[in-house]
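In structure tokens below, several structures.
Each of the two complexes below includes chain A, the first together with chain B, the second together with chain C.
The block that comes next holds the complex of A and B.
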């Protein structure tokens, strides 16, 4: 019995306490809903998360992309009003945190995967288009990497698909299954 | 769908260096350092402790007076294709010969800094980071985003500007192609050489300049007798240059310190 209590306490500390100690959490600057944009405005991923002319990926859109529609409020939500007052009107870029930002020694080409590999965005990023809220961004205090990159899938089944893995193992798994090359310098720089 | 785009072309990138054209200007050394985020030499760095992925050496024929002849020899990682010495000795598997390109790659994150590879390399083409990289204020803005800077305590070396290979692959993908066209990918030293002494290409492509140079009677490789099949071919029509290269030790071999 004391063993069981001790084991439970240790597991609790490891699974609940430790993540709070190791990850620093911060909210995203804007209360943004992908779902609203996908359903009401009918936007697709690439309408905002676009490729540049040279094929490189621009990632999170800049304020001008948002302001093209939201120069004045289009709806009645407080979130939109806050966004316009705090960012669009003073022309200030929101300080977005990128969940999927890879470490600096990783080379990843979106266009290779999207155009040549014909992968859907959801395959790696999950069904972000259906999300109504932005999760808090969690960053490892020591390495500075996003929790999505390193840690999120340790105890999650990959089939569950809630937040897909973006660790090296996840990349290599897929490359192995597809019979694609997976040497070090394929993805590291 | 995906299978149709599988990269199935295996390249063996190599280089030919025409020593009769090399003027020893050192543009390749500068271009290399800028391209690959090699920081300026740290205070206290010596010729052996500094980092020079490509280095121009001055070699002469050992004669004095009017009979003296000199040649400049740029030496970089020779990208050994067989029994690659650095790969064999690495206890961390931090070095590998890339199966798709033949480039000998170094993984700084795996390197533990034992420097066995530096001892094993017959060409002294590997360098140890004795200090963390530091750039003068403002110069960090000129860093190349395609190349990750290395940290103190790891070994690094030429990788044929692998960041440029990535960029070329991405440009090809944007154009809907899975293969890089010949000439779309060249290392910085090749691009910067004002006399065109350094040429780059796929040795498997018989029309590429290194492949042509490899068959030339005036071509040679450094320490060919070791059997490591280096992929850098040197070329000189001067007999004494080829004889010096074949000799166990060049007479009065000196580094071109002023580059």
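The block that comes next holds the complex of A and C.
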């Protein structure tokens, strides 16, 4: 009986407590809704997450992109008022945390994957574009990787339609399936 | 219910077994592995705006044009510049990794400039009759070189020393050559400007006469394996076929081979003969073949301000009396020619000479100097690059600083000018102004790939463009003012040691030393060194390979330690018997100790340790 109790306690701690303990989280600075922007304003992913003229990916839009529409409050919500007061008026960039930030030793080209590989944003970033609220940013306490890099579940699901992580194994899996090159120097320049 | 120690142990055992069925331990192992790759001690490249900047590589006299991809102002990768009329878009392996040099583990970061200046002042005050103050400039022709020459002209008994100019100061016009005979010159392996050589390569037939199958020999149209030290005999026979029988004996070639080669050089001209160490016989052969004015030309001087012309003449080390230099400055801040320390040391006075070396690494002369002052290294430094040997036109380009050097780096020209009591001013800009004043030539700007006549550019715009990596190209070569080529008529002083020693084997030093790299004095980037050594492509420093027969004759059996001895001294080396090395040769991977006793071409002997 004590053996079983110990095993059950460890299983509980490992499956329930550990996933909470391994990540620390912080909220995003702005209460942003992708859904509202997509449905009401009719914006597409690439309207804000654009490529620069030289082909590099701009990533999270800067304040000037937001301020192009939000120079004055658009609506009366508390989130809108907070955004205008805290960032647009004082011209202060929000301290966004990037869910998909790759580590320093990885060279990832968005334009190659989007334009040449014809990948949809959702294939790597999941349903982020349809979310009504930004999830807290979670980072692994030891490795420093974002939770989205690992995959949102502790063990990644390989089921069809599941959002993969963005670890090396995930990249290699996809390249292998597509019959593409996956040598070290493709990503580690 | 009473708990026993057994229950606690069972609980712990159950916990351990249960934990194995959770992701926790496996994830912790993976996380710890990732952490070890990204821990805070590992340098991280900056993140920020991606820009392109242009400069010129200062790692060798070729001065290839470089496009640096910078992230937040930090260069992260280097590439050649397509369309550049000199380097033609090419960059060698060393140049591609040049941005890593500032992080080299051998980087010198501290020095004592005040103490050095005080010691120099004291020694200069003590300098007696027959003694001199000298500057050894390993990369002559720069604006800094002119500062040294002016400084030495301002000092009593000042001497400006530089390595002898290759080909007596002439330039090679490879584009005109149809046949090139190379007597051991590493034409396809670090000689001249790589892009220019390879662009011209399709138009000439290359015959490499060399004892071992070097990389150039392997890529040549024809390799003539000759005996070590017989290059001069071959050159003489090609000029004067009457000596062919004795040359055949010396080189190991047949008389027919020598006569066929002589015919080919004459029939398929214009021809060019290059030798690794400027053999007078090769220069004379060029003269006989009519190469002067065709494939060998007199390059016009890059203009300098009139005020600079009161400068000390250029001299070679061998011309200075032994035990006569009391103060010696050595500028090795940019890679240049190498002179064995043994040849320099004997020129110093016996009682307390002061030697100040300006270097970015302690691998060179700094090991022998009383004071070694750290300098900026490419791509930190700002310096002009003299014209390359294969540039018939005069050129002026600046290696622009892409990264700020660390604090405390010494400026060799400012230090020497101050010691001599002259004002070095802004030598680089003064020289650029003198070039602009001449109104000659064109300016090639990299960002837009355009060539603009100099007369259409204002002085400020010219200076600005040079600081953005542009290249000034002077006009075409000038006609020779006098004929050169016969050994007796070669201008300037010839190195006393190298060519003469190479002509005939000596009983004392029977082996000919050949380096595995064309520029043994240059440290390569840490990444390149690691890749080479990890992959076993390059021998470790201070190692030599020699034919088993040669090893046996030297009393060496198997791989072992030995002593390498030359006229300049001796040092311990590792020896590897290798059947691919021709008998009579010693293939050497240079290290600092070997460089101290070996010039570019030296004879040596090896004895068992």
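Convention: the second predicted complex is superposed on the first by the 174 of 189 C-alpha atoms of A that agree within 3 Å, B and C clash if a C-alpha of one lies under 4 Å from a C-alpha of the other, contacts with A are read in each partner's own complex, and residues count from 1 in each chain.
Convention: a contact is a pair of C-beta atoms (placed from the backbone, for glycine too) under 8 Å apart; a residue touches a chain by one contact, two chains touch by 3 or more.
Just so we're clear, the structure is a prediction, and the values are computed from it rather than from any experiment.
K.L.:
With both complexes overlaid on chain A, does A:185 touch chain B (first), chain C (second), both or neither?
P.N.:
First partner only.
K.L.:
Mind working out whether A:7 is in touch with chain B, chain C, both or neither, as first, second, both or neither?
P.N.:
Only chain C; A:7 stays clear of chain B.
K.L.:
For A:56 in the superposed arrangement: first (chain B), second (chain C), both or neither?
P.N.:
Both chain B and chain C are touched by A:56.
K.L.:
A:145 contacts which: chain B (first), chain C (second), both, neither?
P.N.:
The answer is second: A:145 touches chain C but not chain B.
K.L.:
Quick one: is A:15 in contact with chain B, with chain C, with both, or with neither? Answer first, second, both or neither.
P.N.:
In the superposed model, A:15 contacts chain C only, not chain B.
K.L.:
Per the contact definition in the header, classify A:107: touching chain B only (first), chain C only (second), both, or neither.
P.N.:
Only chain B; A:107 stays clear of chain C.
K.L.:
For A:117, using the defined touch cut-off, is the partner it touches chain B, chain C, both, or neither? Pick first, second, both or neither.
P.N.:
Touch status of A:117: first partner only.
K.L.:
Common interface residues of chain A with chain B and chain C?
P.N.:
54, 56, 104-105, 189
K.L.:
Taking the complex as given, what residues does chain B use to touch chain A?
P.N.:
1-3, 5-7, 96, 98-101, 103, 105, 107-109, 146-148, 159, 162-163, 165-166, 169-171, 173-176, 178
K.L.:
Sort out for me which residues of chain A touch chain C in the complex.
P.N.:
2-11, 13-15, 18-19, 22, 54, 56, 103-105, 140, 142-145, 154-155, 189
K.L.:
Within the complex, which stretch of chain C touches chain A?
P.N.:
7-8, 10-19, 21-24, 27-28, 30-32, 34-35, 37-38, 44-45, 50, 77
K.L.:
Give the list of chain A residues in touch with chain B in this complex.
P.N.:
51, 54-56, 104-105, 107, 109, 111-112, 115-118, 178-181, 183-186, 188-189
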